[in-house]
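Before I ask anything, let me first share the structure, which is written out below as structure tokens.
We just call them A, B and C in the order they show up, numbering each chain from 1.
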Amino acid sequence: MSWLNLARLNALVLFAVFCVLVLSSISRARRGGSLFIRRIAGLNAIDEAVGRATELGKKVLYVPGIMSIDENQTIASLAVLGHVARMTARYQTEIDVPNKDPLTFVAARETVKEAYMQEGRPDLYNDSLVHYVTYDQFAYTAAVSGKMVRERPAANFLIGSFYAESLLLAETGQSTGAIQIAGTAEVAQLPFFVCACDYTLIGEELYAAGAYLSREPAQLGSIKGQDITKAIVGMYIVVATGLLLAGSTFLKRILTIQ
Amino acid sequence: MRFLRLQLPLFLTALAGSIPIVAFFWSPNGTIVQTTKDWLEKYMVIIASFALLLGVINVVQTNVKKIERRQAGWHYGLFLLAGLVGMGTCGILGAIQVGPFQGIGFRPDGSRTPFQWGAEFIFNPLQATMFSLLAFFMASAAFRAFRARNVEATILLIAAAVVMVGRIPLGESILGGRPYLAHFTDWLMNWPNAAAQRGIIIGAALGAASLSLRVIVGIERSFLGIDKSE
Amino acid sequence: MDRIVRWLDLLVHLDRRWIFILIALGTALPILFPIGFKVSITPSAQALYDKIESLEPEDVVMVSFDYGPSTAPENDPMADAVLRHCFSHGVKVVVLALFPIGGVTMADQSLARVLHDYPGIKYGTDYVNLGYKSGGQATMKQMGEEIHNVFPVDRYGKPLAEIPLMQRVHAYRDVKLAVSMATGIIGEWWANLVNAQFGIPVACGCTAVSAPKYYAFLQSGQMIGILGGLKGASEYEKLLTRGYPATAPIYARPGLYTAIKGMDAQTIDHSIILLFIILGNLAFFLGRMNNRRKAS
């Protein structure tokens, strides 16, 4: 087994267990049976937010984060963007998606275009709905903040990977009176979103958004597999802590990854 | 058409997603896999550069249209285009060393090239200005959000107040010069805060892993703009 | 009671621009007229100081400038303090930048500020500036194998093989400590990648916003010290002036921005925010009591 990095054998086993749990949950979900997923207030509020924008005759602003498409949070954000775009197409509400990363811009454009096609409203779509701003973090923040203050969208979605600009965007949006739904897995930015936004998707709620909104059995099955893994991790932490307190480092050593 | 729109993108996604995973578990002596992973990372930078070109074209088109139609905020578009053309020209001419544009940093004699001048005296102060807005927004957000409406909000309020006081010399002055509050703040950051952060990080990491698996096996297709029914 | 509640109610609905004005004054005035609040030392800053103190004169410290101009007010003082400590203690320094927008400029400026007071420090033997390299984690991983492949030339175009200090520094194994002055995620990469895979001690000087995240790394031992925000920088400056009294005149120089001076502004600002929070909560509770009184 000279091709295998034996120092990471423990990681490979864990990875295999995780894959088996998730894929078997997906397979079971596809075979039938409903899967319970708890209520996520932020995702349920999407309807309310888009509806508010429609009633007020104002636009929906969607910021898909500042990182590139190789970031998981951006992929999760695009799943939510597709759902929001379908709603704006259905209700004939304007959507505005400014982008910081060029690859995300391209993917977001395809997502929104496809959403409008699916709703049977290609006439409402035009390329200016999804546009590129700049690659610089604070220049992008300045541009989006200016857009919020001048154009006063009724609903702001701040979903994806954010860094220092999170509070700047959230607080500016709050000052304009827009309903704000935020979501990120960046732990350092979560407090700012929680303080300044109406709804916040915390960590894994963002990653579950695609499954939650689509209600596809396969996607819900993967959430179940993930939850089983989390339960195992929780039990391991408790047992390993107990063993450590008793003086045994066995569990700690076998799961130390090089 | 279906092959180009659906099957090929899904195959490429699965391949690109699997290579770093295989490389992680492959022997460090296995050069082919490691080299493939390194190439993949480099190609991503190259693809991003082409996408950046697309973005720049979009920026120019959007803002020229805005200026032509005198839409709301059209004068900001003028500034944007001026900056784009100005710095872009300095950068490109500096890179190909034309005339006074010798490079994009400092010249050998220590003087600044136009690009360096723009970066140091226009770009850097503007960046610092935007970041400094955080101080003001944090104050207004704290004033609005830290109200003891319920138990959780009260805990948040107390923790925030303790950390804010503990982080400044005032915390010591209150206790007659004794650093107890600073040490308690450090304890708060080292233990309860670290524990809570780890909980969120573990949950988010598992969520990201599950999403990645969904993307690699082709269940999650939203980023390709493909309908679930396809 | 009604009058008090009315006044406090005005406060609750205060235009946020009044808060902005007070914060602006609270920031500007202490910088123009320093107060000199005392700074206390926390274990996380002490740990980094002790680590550098424990190094021998020929040991090498790698200082990575992983921040840009936007966080310079927080990161510059800590970078300067760490460099001054290294030069005062006699350890050798390898400087590099991994942050794409402005990292290398920050490194250049920091070295220029610090070296002004260390005329005896020689480039090439006491310190080297490798400049900026793109690639993030891939670059950091390759440095574990051979730095000369990642940086064939230094910041000024000189081949690394011709630089005396770099002739004995080829990879992380030749370095005793890596200190990342970081904003964002790059500090985590040093802990997760460099410390985890190559085993060298890593410390981080980070912005205050990122500090809560990095405490988890300190707890697990992946980092040996943290300088969290301006407070962390001020602690390190105090440790430096205490351990090396010759640096005290540098920090007392008028016109030089230091973290200890910046802490005056931070103290006033925090106090203003706390005052508004207390008054806001008072208004909230009194208003609620008044409403209940009226209802009953």
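Observations on the model:
The criterion applied here is as follows: a residue touches a chain if its C-beta (ideal position, glycine included) is under 8 Å from a C-beta of that chain, and two chains touch if they have at least 3 such contacts.
Because the structure is a prediction, the values reported are computed rather than measured.
Top contact pair of chains, counted by C-beta pairs, is A-B.
Each chain gets a centre from the mean of its Cα atoms; the one farthest from the centre of subunit B is C. Taking each chain's centre as the mean of its C-alpha atoms, subunit A lies 15 Å from subunit B. If you average the Cα atoms of subunit B and of subunit C, the two centres end up 19 Å apart.
One inter-chain figure worth recording: subunit A and subunit C are separated by 30 Å, centre to centre, where each centre is the mean of the chain's CA atoms.
Residue positions of subunit C touching 2 or more other chains, listed in rising order: 16, 70-71, 212-213. Counting only residues that touch two or more partner chains, subunit B has 127, 130-131, 138, 140, 142, 144, 146, 197, 201.
Residue positions of subunit A touching 2 or more other chains: 136, 138, 164, 187.
Of all the residues in subunit B, the ones that touch subunit A in their complex are 21, 24-30, 44, 47-48, 51-56, 58-59, 62, 65, 72-73, 76, 126-127, 130-131, 133-134, 137-138, 140-142, 144-146, 197, 200-204, 206-215, 217, 219-220, 222-228. For subunit A in complex with subunit B, the touching residues are 2-5, 8, 11-12, 15, 18-19, 22-23, 26, 68-70, 72-76, 78-79, 81-82, 99, 101-103, 105-107, 110-111, 113-115, 118, 127-128, 131-136, 138-139, 141-142, 146, 150-151, 164, 167-168, 170-172, 174, 185, 187, 190, 192, 194-196, 202-204, 206-208, 210, 214, 216, 218-219, 222-223, 225-226, 229-230, 233. Residues 136-138, 163-164, 175, 187-188, 257-258 of subunit A are the ones touching subunit C in the complex. Residues 38, 41, 45, 119-120, 123-125, 127-128, 130-132, 135-136, 138-140, 142-144, 146-149, 157, 160-161, 164-165, 167-170, 172-173, 177, 179, 182-183, 185-186, 189-191, 193-194, 197-198, 201 of subunit B touch subunit C in their complex. The touching residues of subunit C, when paired with subunit B in their complex, are 14, 16, 19-20, 23-24, 27, 37-44, 68-73, 102, 105, 134-135, 138, 208, 211-213, 215-216, 218-219, 228-229, 231, 263, 266-267, 269-274, 276-277, 280-281, 284-285.
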